[in-house]
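Look for subunit A in each of the two complexes below; its partner is subunit B in the first and subunit C in the second.
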Partner chain A sequence: MKGPLAQTGILLVGMYVFLKFILPLFTAPLPASLIFLYLALTVAAAMIFYTMSGAGLEEFMGPIGRFLTGEGQKGVATTARVMVFMLFPLLVGWQTYTKLAPSDVPPPENRTIHPAPPGEFVGLSNPFQKTQENIMMGKGLYAAFCSPCHGANFDGKGPASVGFNPPPANFGDPGTIAQLQESYLFWRIKKGGVGLPVEGMPWKSAMPRWEVELPDEWIWKIIMGEYDGAGQSPRTWEEEE
Partner chain B sequence: MGRKTLINVTLGTILMTAGFGAAWAVASDPPPDGETSSVAVRLYLTEGSLPTDDLNAAAWNSIQPSEFKLAPQVHWPDRIQEVTVKSVKVRGMHNGRDLAVMLEYDDPSEDVADAAALEFMVGDQKAHFAHGQGMLQVEGGPVNIWYWKKENGKATDMSAKGFKTLRAQERQDVSATGAWQDGTWRVVFSRPLQTGDEADVQITPGEWRNVAFAFWDGQLVDGVEKEKGSQKAVSSWWYIRAEPQPDNSIYGYVVLGIAIAAGFEFFLVRKIRKGNQA
Partner chain C sequence: MKNPGTIETRHSWLPKVKPASLFGWSVVWTLLLLPACVWAQDAATQAMSVEYRDIPGLGSRNVIWVIAQQHLLLAGFVLGVPIFAWVCEIVGWKTKEARYDTLAKEFTKLLTSAYATTALFGGILLFLLIGLYPKLMAYLSDVFFPSFILYCILFLLETVTLYLYWYGWDAMQGNKKGFHLFLGFLLNLFALGIMIVPNAWATFQASPVVVADGTAIDRAWAATWNPTWWPVNIHRLIANVVLGGFICGAYAGIRYLLAASQAEREHYDWMGYVGNFIGVFGMLPLPFAGYWLMREIYQYNQQMGITLMGGFLAWLFILQAMLIGVLFLGANYYFWMGITYRIPGSEQSYKRPILAMLIVLMVCLGVWMTPHSLVASLEEARKMGGTHHPLLGVFGVMSAKMTVANLMILVTFMSFIMYWRAGKQETSGWAKMAKAVMGALLVIAGIAVIVLGVWGYFVPAIIRINYFSVAQVLIVLFIMITFTPLTAVLMKSAKTMTEMVWGRMPIRAAYCLVSNAVMVILLMSLMGYARSSSRVHWHVYGVMRDTSDYAYSPALGYAAAFMSLNTFVFCLLVAFIFWVATMGDKGKKGPERGQPAEEPAKIPMDATPAMAGGAPREGEATPKG
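Let's turn to the complex of A and B:
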């Protein structure tokens, strides 16, 4: 196969196979929107490359122009041309329909999972020593107050977790408490779901406002027990420097 | 039609299908795993009166229900750790004037204190699912609660904005009927879509509203109701929408889109041909 157009076609197919099937063998599958973006970039790059000179431009665009005008065409090419000319308006019509048709899907919710805490909860450190005794007490309090939702195994799968949207956090997930500082957890436990800012959608959260029921000392110890039980460490200022 | 043309058309169709398939594969992501419960209740559009008193009407059984899991109420005291009603199937319909919602759930015993409720946000202001309790950084709105209890045999239209503010409205707009059979409750709530009462949720076909559910098992254990007050099975907010009237103007826009695309093709080809002649 020769000619810039055919080469671009082969390049595109190769890119697609690579992104869709080969890359996921080594990493997580790529979302369709990202694959589309990469393919669009490939087309743009090929066009820039082949159309740098006047001759290249003619080589690249010529076959497209001849295909569209149907000059000297016969057989399969004619059929393909008719199909393309029929398909394009139908695609536009279909696209119009899908954009306008009433959707059965509720509006998307862009809830921020870890919104910024209020200033007074930034940089607080746990006033209690990380002793075995304090950790054990924290785990006991966790079992009594937190485990019904967040689970005895710290995995967010407690017996009361099923009815809530959003679901309770899984502390074993590296995207939750391992990314946060102790002062952040102190805020979230103390003020609960209703303490979230608007981007955290406080009206949906079932997390109790524990300051009404638990003293600060218990909350700090629960945090200790939570990290220990989930096998995670809090993020600290030192690590960020 | 010649044999050659036939082959060409067949080949073209195959190519077209393959192209569509490839585009589809590129354009769609697989659905996420583990999504078993619903996110929205759909009030199907029907004609005529709604079967609000006939809980076994064919119209009800022909609707595919949405299903929502329920949790014990652990958000505020008094908590409860174990509840009878674990999930609810919800069906809904409307006729452009009235709506009816059926809650179907398992409860092994029929008790006079058994109860069920629907909760809605009122207007556009967000309200916390726990009785519209106050939020610290967001100004919250009130909730509208439709409460049915077996021993009352009717619904109560209620409002709340925060704990201990729950009360029956002066103007009652909601009706309800319940029937228990073989360990399953079917409770149907009905109301006009629009009530003109500011304290009520107003349902406009095509618009999304928030809904939550609550259930009480009133079985007596040692003379005390098993679940009452804040001790109940709950869900947090999900969605509800009354199906809109089919909008035929969409097809006009589709035809317009096709015409513009075909016109574009025509002018493009003409331009290229002119360019080639020059």
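Let's turn to the complex of A and C:
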């Protein structure tokens, strides 16, 4: 098949097959929203490239225009055109129906993963020195209280993690605790899932409210142990000495 | 008969009353009016204690939102345009090419017509703020009163200078040009003052510095020097140039579509090119300024930083990525169409580099638009093990975003360089070597930006923010600063192989210019909402709480509708202003519509001076009349 339109079609199908079927062979499947985004970018790229010149524009848009207007069409092409005109409203109707029909499938989630902490937790700093002794104590406390869910390797794969959705945070992921200040972790550990603010509701967090069981000192030391164990550093505004 | 020389001191029609009875009446009236005085005092006290007023049906916050956004957008245009109008005038003065002077004058014409509307919206905003938010305005007046006076003085000076600059344009040619340029300098100086003084009020609301002691000036000065004042000043200054450039580009695009003669088409094609160039020129450093602003906000208050970048406003930054992406694509598309249409025969030779640049831009945009937490159904989230994708989730953090933003800037800059070099053959002996060095530097820069981006995942945040991100920016700036003069020197002695032809761009190029302007307006409306909403339920963050009925953050969908409304209203306003401003031109133009257009102008050999990417020669391509 030749021509920009055919090339674009092949590219789109290729992209779709890659994102939908090939990539999941190596990692988790992509959500439909992301596949749609990448396909939309592919279409935009093809349109930009092929419409930079008059000839390219004609090659890209011409067949579409001629097909829709029926210019110079005969036989199968005419039938195909009529079919498209008949099927398109049906497709729109079906899409509308599926969107509006009552369903027990929950809507896609749009969670706010990192809501802003309450004012009283802003600016707090770890009152304990980062000594080997404190880190080891923090790791011990972590092993006792946190590792069942967050894992002995700080990767969110503790023995109890399979029971949770969303799963416990993977501290080794650079997108989790490495992006946050220690005071943020202190708030999350102390107040747990029930202490989260209303923004980004509904909240789904099974994190216990540890303030009822652990003193602040232990929480601060657990934070130290978490960062050290996961090989991450907290977000700070001053470099460490 | 009365003596006409005497003045009658007492009217005969007044009843004759004794002084004692007058006193009695006075007492009675005073006693009767006393309750009224008390009521008036009560009313005054009541008026003083009103904290908020509302506009039923519309909502005070919605009204302020629209008016403030219109004022800000107009002000951005009015303060951005004098910068490049003045630069254009200087270029015309230095090169002795009148077309630059004509262009600068045309830019200034747009400025003068928008100036009064900006002031009008400023006045409406002030009255509405005083009426609807009296408590807040009383507090801000108390803190900033000395700067209110300064603002008035600056406004007066700006107005006088603008009048002199605009109305004296033709009178101050020749040996008076130096004075006119000095007026242009003053205009920009006062404009800068007009921008930074109110910025202090707005940034104080977000990052207040409150000093209880000292004189009124001391307190105002302390409040002015708040942590986000200069980051916002720099960001707005650059953004104003971008807005002004793209709006002038859109104006030229529309005039190009309406052009009745070839000369007009050539002129507005060139003007559209210059507008796009100015917009792109400003857009390249804008992400750096935005990054600095966000860094300062984060450092000032973790809560505000997280609300913006990780909390409920985080999705705005995905929309921002989309809009910036479309803007980058639009600007590049326009450059690439310029190569194809203005330099005949060059399409094939530049097809492959354009394709390579397009792929890089699209991959970068894909990364930029990939959110940290993906929108996924329950089933999809289960399969991924949460809303973070194990592989693509890494695209969601700043290290990835900074890397792709820098690469997109680099590609856009190279698009411009390619456009500049298109259709020319370098003749210098060292040209080959220079091109090889530039190519090598570009590859090294690209790799260095990517390496720093990937490395950024493995170092503490402070190292990434303070060193890696800054290094990425410096690498890109280094490329821009070295390539620009090097290319200018190369092009000075270059032989023109294919002449640039103006006025032959397709109509979609004009629509592209309009689309770029709309994207910038949407972008400014979006980030205006983000900046304002980051204060959440505070008028003045941590100092004065919002206790009105509107002390909640509007939902993102609701906000998006208002951003669209603001963009639409602003486009209508600008269209109306420009229509009024150019009404007088219609009578002066050459051929009427319907008459045959002029033959395409002959392209002069020297029609491609350096930075502007070439221009039609004076008299051949400027509109007649």
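Operating definition for what follows: the second predicted complex is superposed on the first by the 152 of 241 C-alpha atoms of A that agree within 3 Å, B and C clash if a C-alpha of one lies under 4 Å from a C-alpha of the other, contacts with A are read in each partner's own complex, and residues count from 1 in each chain.
Operating definition for what follows: a contact is a pair of C-beta atoms (placed from the backbone, for glycine too) under 8 Å apart; a residue touches a chain by one contact, two chains touch by 3 or more.
As the structure is a computational prediction, the values presented were derived from the model and not from experiment.
**Student:** With the two structures laid over each other on chain A, which partner does A:N165 touch: subunit B (first), subunit C (second), both, or neither?
**Tutor:** both
**Student:** Once the structures are superposed on A, label A:A32 by its partner contacts, choosing first (subunit B), second (subunit C), both or neither.
**Tutor:** It touches subunit B and subunit C both.
**Student:** Using the touch definition from the top, say if A:G14 reaches subunit B (first), subunit C (second), both or neither.
**Tutor:** A:G14: touches no partner chain.
**Student:** Touching A:P106 in the superposition: subunit B (first), subunit C (second), both, neither?
**Tutor:** The answer is both, since A:P106 touches subunit B and subunit C.
**Student:** Have a look at where A:P174 lands relative to subunit B and subunit C in the superposition and call it first, second, both or neither.
**Tutor:** second
**Student:** Touch check for A:P215: first (subunit B), second (subunit C), both, or neither?
**Tutor:** After superposition on chain A, A:P215 lies in contact with neither partner.
**Student:** For A:M52 in the superposed arrangement: first (subunit B), second (subunit C), both or neither?
**Tutor:** A:M52 sits against subunit C, while subunit B stays out of touch.
**Student:** After superposition on the shared chain, which partner residues are touched by A:G119: those of subunit B (first), subunit C (second), both, or neither?
**Tutor:** second
**Student:** Quick check on my understanding: which residues of subunit A belong to both its subunit B contact set and its subunit C contact set?
**Tutor:** 31-32, 105-107, 118, 165
**Student:** Considering the complex alone, what residue numbers of subunit A touch subunit C?
**Tutor:** 23, 26-34, 37-38, 41-42, 44-45, 48-49, 51-54, 57, 105-119, 122-123, 165-167, 173-175, 178-179, 181, 183-184, 199-200, 233-240
**Student:** Give the list of subunit C residues in touch with subunit A in this complex.
**Tutor:** Its residues touching subunit A are 299, 301-304, 306-307, 310-312, 314-315, 329, 333, 336-337, 340-341, 347, 354-355, 358-359, 362, 365-366, 369-370, 372-378, 380-394, 396-399, 457-463, 466, 506, 508, 536, 542, 553.
**Student:** Could you please specify the touching residues of subunit A with respect to subunit B in the complex?
**Tutor:** 16, 20, 31-32, 35-36, 39, 65, 68-69, 71, 75-76, 78-80, 82-83, 85, 87-93, 95-97, 100-102, 104-107, 118, 148-149, 159-165, 191, 193-198, 201-208, 213
**Student:** In the complex of these two chains, what residues of subunit B are touching subunit A?
**Tutor:** That would be residues 4-5, 8-9, 11-13, 15-16, 19, 25-29, 39-40, 42, 68-72, 74-77, 79, 81-82, 86, 121, 126-130, 133-138, 140, 206, 208, 233-239, 241, 244, 247, 250, 253-262, 265, 268-269, 272-273, 275-276 of subunit B.
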